[in-house]
Amino acid sequence: MREITCRDAIREALREEMRRDDSVFLMGEDIAEYGGIFKVTDGLLAEFGPDRIFDTPLSESAIVGAAVGAALMGMRPVAEVMFADFTGVAMDAIVNHAAKVNYMSGGETSAPLVVRMAYGAGPRWGCHHTQSVESWLANVPGLTIVMPATPYDAKGLLKAAIRTPNPVIFLEHKLLYGKKGDVPEAEYVVPIGKADVKRPGDAVTIVATGLMVDRALGAARSLAADGISAEVIDLRSIQPLDEDTILASVEKTGRLVIVHEAPVRGGFGGEVAAVVATKALGYLDAPIQRVGAPWSPVPFGQILVDAYVPSEADIVRAVRATR
Amino acid sequence: MSYADQLTEKDLIQMYRWLVLIRAFEDRVCELWAKAGIMELPHGSQGQEAIAVGACYGLRREDQVLPSLRTRGAFFVKGIPTRVQMAGMFNKRTGAAEGRTSSHHMGDAGRGVLVGSGIIGASITVGVGAALAFRLQRKDHLVVNFFGDGAAQRGDFHEGLNFAGVFKLPVIFVLENNGFAEMTPVSKHFAGPDFACRAEGYGFPGIRLDGNDVLAVYDAVQTAAARARAGEGPTLLECVTYRQRGHCENNPIATCREMSEVEAWRARDPIARMRNDLLQRGIITGEHVATVDAEVGAEIEDAIAFAEESLPPAVDDLCKDVYAAESSELVVGRRS
Amino acid sequence: MREITCRDAIREALREEMRRDDSVFLMGEDIAEYGGIFKVTDGLLAEFGPDRIFDTPLSESAIVGAAVGAALMGMRPVAEVMFADFTGVAMDAIVNHAAKVNYMSGGETSAPLVVRMAYGAGPRWGCHHTQSVESWLANVPGLTIVMPATPYDAKGLLKAAIRTPNPVIFLEHKLLYGKKGDVPEAEYVVPIGKADVKRPGDAVTIVATGLMVDRALGAARSLAADGISAEVIDLRSIQPLDEDTILASVEKTGRLVIVHEAPVRGGFGGEVAAVVATKALGYLDAPIQRVGAPWSPVPFGQILVDAYVPSEADIVRAVRATR
Amino acid sequence: MSYADQLTEKDLIQMYRWLVLIRAFEDRVCELWAKAGIMELPHGSQGQEAIAVGACYGLRREDQVLPSLRTRGAFFVKGIPTRVQMAGMFNKRTGAAEGRTSSHHMGDAGRGVLVGSGIIGASITVGVGAALAFRLQRKDHLVVNFFGDGAAQRGDFHEGLNFAGVFKLPVIFVLENNGFAEMTPVSKHFAGPDFACRAEGYGFPGIRLDGNDVLAVYDAVQTAAARARAGEGPTLLECVTYRQRGHCENNPIATCREMSEVEAWRARDPIARMRNDLLQRGIITGEHVATVDAEVGAEIEDAIAFAEESLPPAVDDLCKDVYAAESSELVVGRRS
């Protein structure tokens, strides 16, 4: 099959949906002529023109608020917020308007919009451009939160996100943009809410999101060398959360390790642990282990970022702790 | 000839009737509240009715309004039935969102009322987005964004107006300067000469006008509407008015201010003003005034009866409408 | 002992700290002349004058941002943000500045400020004035998040919050303002980070916060009538989280119910469950139960709010599910 | 006599030296970056040096500045050693926050540099708060808040300036209008005539001036400073300049613009301008120019050597300084 990068897969999803549906349009900072600071939207201006993709002022609250308003009037905005850390300045529009407008209108008008944001640590970004913000939004009914880990999923999930009548937060890990993977040329959609068993196994369940899926797979490979068969579940979305896939796996393996890049404490891993401790406690043969960042802002620079972001070795260590 | 001059007698009478109806509604819900008769805490718009009526009269059905917490009149002129509004105050299933939200931020898609926000100022950017949609759809409809002097200090005011200015969007910003943000007088939260001047920094006109003069508001909004529909961009209208009641019915009218100030403004009441004007011009008679009062009173009592008879919200529907219905090819696994 | 309301206890804490330390000052909307919409700061203007307590424009981002700046220059601001739902518009100043400035300055300058906010559901407030937002902030290193449940704790914790050199989010449940309880007249401080066993028991552990502590105690009373001895732990703060007290209790009871007012999913209860499922799994005799709101915005009106907010009966039911 | 006229020859020579040093630093780190020699991605301030120097020269040590991502010069003039700054670019323990943060938002409490924010515009309200502290403490120090044209579209610009206006705080808002927010030209994110006019809506003066004229900036800032120290409130200074390099060193200079525009602005370079001015006025000589260049070059090479020899950040300190030290009577149970 054809291999392309996440960046290209996301761009393909945008292009296909823009071709399919006139109401889809893109706005954000530096996305049109420049093609986005991660070059995701490169080339789309040439194809679709300035009514379908345009640059906005440096005003994230207005970007998301305007996306809500446009969505209410029948458009399908895909807003790019450069860095997920800027959630802080667009938070109200996300949690209090986008998330609640269907409810507040008694089901009359929903806000079918997507907010695409780049998240996650890289060495040169510093603490304001590297956060994994999913748990800031995970307790807000009305939202859908997607975190793809592969080019295939990024494309298929984004297409679903654009088509659903509900607001979707679409978190793209900046270190995954360059990652390559199989992406079929034929049209497909990946339904949001279905986790993906990225590697089957029967000795331990590793639940991961985003960039951590690769690290979990790496850990699973080294564990396999030691005869430990790890099942790696890529959640793909944390809202909805695919409890069934997690529970079925834990029923089989009896052991659970949860991995995310955000700090462990208060992170989304707690939700996964709680679901299992409520619904599958009897299957657990060992304490649940969580792997995530320590309790600190994301540091600057390669050395500290390497120490900060969970590594394959951290995951292997957590798996061993379940044995 | 101004837009206001082109209004027919019928128009004027209709506008007057709206003013009376809104006031009667507001006064009546305040009475009901005082007797613990309703669930929703009224945030009365008494004294500010001319702004909503002047702004919404003459809008198209497709034009969208985003009322603030105190733009009751916009609901009326945009056609939301008195019964529905009253049922909302009673928290009944026949009210806003089947009783799941309070009525002062309710929306009505068909009538061009967008869902507002309890987060003051936040709806400004939403209105701007609706205007953006009209631009992208090449429709010549427009959006009227209502908000207060307090809201004008929120970051969203700034981001919203700048965004609208940059894209020359068809939106009219109606700033109801009623002298207060809750208990804080404008003089304590604002140091500029007026709010209208802020428009310059966004590249469109800003006009300060008498918000108690329904025809002045109508005229200014129609002028701005022509600009907007012609693709010339937004206008900021600072409508100077006064909040005749407390911030909400928890606060006595005299909270943090002198009653003499309230009295002075009551003497400039927009409804009495229009009434006197129409009487003087012979457009209405004393008899007509009484008829309108009676009709309006009956309409409100009917709405109260309707609300009282309506069912309460359904507990079984507690988690309804959190998400719009979606195909399982797109999303699976929603739980409530 | 003297009984006073939470409202009065909070006011006393503010007054005592303002008397003790000239650098403590209060700002917020309608807090000075009017005394705050919940009347918490009533009377303080008369005692301290307009330099120590003053009204701000309707600008929550500026309120918190300015509190950070003032704190950096040696002041001890206590900012009132009327409703915790407005976290959305002040989020960036909280999570990206207040929380990170000590770290970013290499420990040179911290931001000793308190943001007081009223949270929780009441019948007349609607979905934008009723949220329990603690989990939005619970994954942000640098923050301290306090949720008092009694007048005694409210006073003692607020005094600690004002004195600590770090930024504190102080969440006051609006339905607790009128609640009375014992508050000594002598000076005291309640250290943040220490949970309080509000009722000892040995058959089940109920962990709760804020208003839910009272409901948990009510549930414990009815369970006692049935011979079930529930231990009720009031977390008092979710960051730091007093793991030791929770673990010691679960070790004793073998059963855990977690109660908060926010929706269950993505709520802070997940963190508590995860800590126990990692560190005390072996002690658990039954699946962990979580009690919280359903997955919906907070509705309007008495009927629906009553159905929405966890009740004593819900807690009792959850306790029975652990048996 | 203007403030600039009161500057001595020594002052002028010192200001010139700052300009040269900042430029040399910026150019050198860009070179290092191109050779993959440093960790931090430079966001060069080439072309804008006159603003930082004009604004910070003559400030007190206690006056606080809040540099933007591109106000490198403020660090220099406020006295942060070249070595420390360079060590930051190299991500060394001797740099900002022991290497745990990038250098372009670093603070220095003792020298009056507040920690900035990577969230553009967010530091505006923080600076306002520092000015509030001065007011409450009855000190006549002030705050200089630097930010760009892009930042001026953020809600925090609005909330911050309004807040400062209402309380007449001692703060000077220095808006560096360098023509771009990343790749977006001002003409695409702004529809007003200029940014200075926005000050009116906050109740204080706004002035647009040539940001490439170091003495004009100095004069405007000193005038604003006198106002601020006298308790008369803030000033907004829109300093018109031009970003001579790309947004950051990832972007070629010609990204999204014509090189002819860049060339035209290079012809108005603030450093050449001051040099020529001082040469013409006989305040410096060609020899002196060469000496400054040599000294500055040596200072930078020394800083590079220092940075190269410095230790990397300590992995063991990964979770240091997340919280300031606190007594266990107040907080217990912190974990990392």
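A, B, C and D label the chains in the order they appear, each numbered from 1.
The working rule: a contact is a pair of C-beta atoms (placed from the backbone, for glycine too) under 8 Å apart; a residue touches a chain by one contact, two chains touch by 3 or more.
As the structure is a prediction and not an experimental result, all values here were calculated from the model.
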item: Remotest chain, subunit D as reference, centres from CA atoms; value: B
item: Comparison of C-D and B-C by number of C-beta pairs in contact, larger one; value: C-D
item: Chain centre separation (subunit B, subunit D; CA means) in Å; value: 45
item: Subunit C-subunit D separation of Cα centroids, rounded to whole Å; value: 39
item: Distance between chain centroids, defined by C-alpha means - subunit B, subunit C (Å); value: 36
item: Cα-centroid distance, subunit A relative to subunit C, in whole angstrom; value: 30
item: Residue numbers of subunit B (touch at least two other chains); value: 100-101, 105, 117-119, 122, 153-156, 159, 162, 166, 188-190, 322, 335
item: Subunit A residues counted as touching two or more neighbouring chains; value: 56-57, 59, 61, 85-86, 88-89, 92-93, 96, 103-104, 127-128, 141-142, 241, 265, 295-297
item: List of subunit B residues in touch with subunit C within their complex; value: 39-41, 91, 99-102, 105, 117-122, 150-151, 153-156, 181-184, 188-190, 255-256, 312-313, 315, 318-319, 322, 335-336
item: Subunit C partner contacts - residues on subunit D that touch it in the complex; value: 64, 96-98, 100-101, 105-109, 114-115, 117-119, 122-134, 136-137, 143, 155-156, 159-160, 162-163, 166, 320-326, 328-335
item: Contact set on subunit A toward subunit D in their complex; value: 29-30, 33-34, 37, 55-59, 61, 85-86, 88-89, 123-124, 126-129, 265, 294-297, 299-304, 307-308
item: Touching residues on subunit A, where the partner in the complex is subunit C; value: 85-89, 91-96, 99-100, 103-104, 127-128, 135-142, 238-239, 241, 258, 262-263, 265-274, 276-279, 281-282, 284, 286-290, 295-297
item: Interface residues, subunit D side, partner subunit B - complex; value: 153-159, 162, 165-166, 168, 188-193, 195, 197-198, 200-204, 233
